[in-house]
């Protein structure tokens, strides 16, 4: 099932560079693994902002929740979740 | 280039069914044509709401604008446009 | 899977009483049928407001969407959907 | 009487892990005790967020207030309280 | 139990004067009856606005709801309900 | 003259218990003195929140301001002030 | 006592010109009378908007309310009232 | 030309009293100087809040900006600027 | 002096096409005249929305107000005005 | 292509003057370089606020994003991006 998630990242200004770099690297690694597994179907950046729109394709709300909680940057995120479904006008077989 | 567009449709309660059906049919036809052309890359429904998230892939702001203005349901829409870009973590070759 | 839905009903002031009564009766009948089927697990009224919080237990976003679209009062509703999951503190076996 | 409460938890980023773990454990223990007593009737997690929707069944506003103030995580919560009542469409005998 | 209710009244501009006068008179009569019964403990006007803050003292959410639904002006109101309780600093015996 | 004031108290999480206790005790003492003088007519707690609705009865805006500024907890408050007046439907002689 | 009032005027698009002209003329006449009496101390237009900021100097909330309710354009206004007081930095003798 | 400015002051809770007293004294001195020069025409306090509405009469946006940036308390302010103009109903010769 | 103005146009759905076309033509003619005079320095469309950002260069708030009130589409606009000034980083001689 | 960007700068109150001066100098140097290159077409200050409206003319969302991320003050900014296009009423040849 599809979930649209907006993630806005707010990093405390007193976080040291090294810690931040490690967090970002871990976040990227996990994201790419989940994408490879087909769970994290899309991730796009909002131009000019430290935020992304993502489309997750997972089997349940729990699965989505576990993924979000596992993200290294999660403690610094504001998250907005919207359940999506296939649009009757969609011609893409793979967009459900 | 990618644009994330949220469209919330608000139909006046006094619109007759026939007019509405015609509008919806025309909207669907145009949407599917644009999807076939690769301009309207994704369209998803927000579960429980008369609204959609769409991803457009067009060459300019003008192109996006012309598409939106051409939508039969446009006069009944509230629209929110966000320019997107490829995320450095994305592993999909086709998500830029 | 569980969905929390807030429904705020706004009836046009020029709707005649008979039409409204019919809509309400149909809405109640459908709601009770869905409750009997276990899909509409809870429905509570917000004290003092023409609104309700409902908990749906259905197998997919599509199922939720179809139910919402089938509600006679849907055209007069503002809807807010939130996917829920079992809380790790919950002691109820039937709250997932 | 029923109360719908949304609790959004915001933990200061400089809180040490041990303190947080203790707070969470105490919160869970108290919550489960109150659920066992029938006061905390439902608790669900919002998918992807550090927040919950809860339904309390207590005899008065004071009772609700005392429970909220007793929660170990209360100082880190944003709380929104809505009094609920049985919906005339509800077929559940135990939802009032 | 105490409830704080804000009522903002929005009258359609095309309502004829006679209908409005009748609604207002009925509203006043009902309000004064409920005040006499001790259920509608306080009603104050917001200076400069067509709105009031009221304090209700009734035995349950249902009682509050029934009162609100019975108000002639209810269809033209936006309502915000907040459950209140006696403040530990209050010296008034009758403010619980 | 009557003023409706909402006070939301937000205590910094790093304030030590002793300082907070002293602030609360001073706040309570001052509040009760002002209530005894008839200036602070009502104070109610919002169930589940660290906030109150209060009704002040003082002779001028200045008097209200001086009281608010004198409150020990004032630096930790978000305040919303609304001038009230007697409602034409009110049957209470003492509610103006 | 001073009150800061923001008035945003929203005229129904189907109001005929003559009715509107009459309303505006009556509004202007009443406003100028109240200004002459010293009750309506200042009225300024918000550049580019059909709205004004006004400062009233009247003896009570009731007086302010009566003035607002007497304004011909009141039914078409959104109003926001803020009680003001002399600022300790003010050097103007007449600004209290 | 006239500008309506709302200034909300938020002082960090860890600022020492002496520093704050110095800031306030400097702010008052500068404000009174600007008032004497006729640039800061009005300043009123919002009853119960650490905020003011001010009316500036200066020759350009730049002049307003320079004044705001020169205020000792500026770093602790949230500011909202609205250009004003003489209202056609105003009878005051000096309110343009 | 420069003013940034956002104009959101909301056309009533029951306006006939001919009236709307006439309004738009008049609006365009007036806008182009003001641009030729250098008063309306820039006008850009928000991609996908029936709205524009404009930069006006006029000698006073009154001048801006008169222009806005003269726009044929003004009655159907929501307007937000922000006074601008030359940025110290700007290298453009003509941007003040 | 044109982008309208609003940047609100919020500097932590505990940042030392020297660090801030360096950040501002670097920001100005980079901004002026980008203006010279024609990418940063306009930058205006909002009168009275530490914020600017800017118009960027770059070839893609990525280009805009890279610029924003390269700004020394970016970590202290709230950013709002709106894609713009030439308005059909515009008479300026260089405003597309």
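Things worth noting here:
A, B, C, D, E, F, G, H, I and J are the chain letters, set down in written order, and residue numbers restart from 1 in every chain.
As a convention for this text, contacts are C-beta pairs under 8 Å (C-beta built on N, C-alpha and C of every residue); 3 or more make two chains touch, one makes a residue touch a chain.
The structure displayed is predicted, hence computed values, not measured ones.
Chains touching both chain E and chain I: G. In this entry, C-D is the pair from C-D, A-D or H-I that repeats the interface of E-F, since more than half of their contact pairs coincide by residue number. The chain pair with more C-beta contacts between its two chains, of H-I and D-F, is H-I. Centroid to centroid, with C-alpha atoms defining each point, chain B and chain C lie 27 Å apart.
Centre-to-centre separation between chain G and chain H, using Cα means, comes to 22 Å. Centre-to-centre spacing of chain D and chain I amounts to 50 Å, using the average Cα coordinate of each chain. Between chain B and chain G, the centres computed from C-alpha atoms are 44 Å apart. Shared interface positions of chain C, i.e. residues touching 2 or more other chains, are given as 2-3, 45-48, 61-62, 64-65, 81-86.
Looking at which chains touch one another, you get A-B, A-C, A-D, A-J, B-C, B-I, B-J, C-D, C-E, D-E, D-F, E-F, E-G, F-G, F-H, G-H, G-I, H-I, H-J, I-J. Of all residues in chain B, those touching chain J in their complex are 1-3, 60-62, 64-65, 81-86. Residues 11, 13, 45-49 of chain H touch chain F in their complex. Across the interface of their complex, chain A is touched by residues 2, 4, 27-28, 31-32, 35-36, 42-48, 52-53, 55, 82-92, 95 of chain B.
Residues 3, 5, 12, 61-62, 64-65, 68, 75-76, 79, 81 of chain J are the ones that touch chain A when the two sit in their complex.
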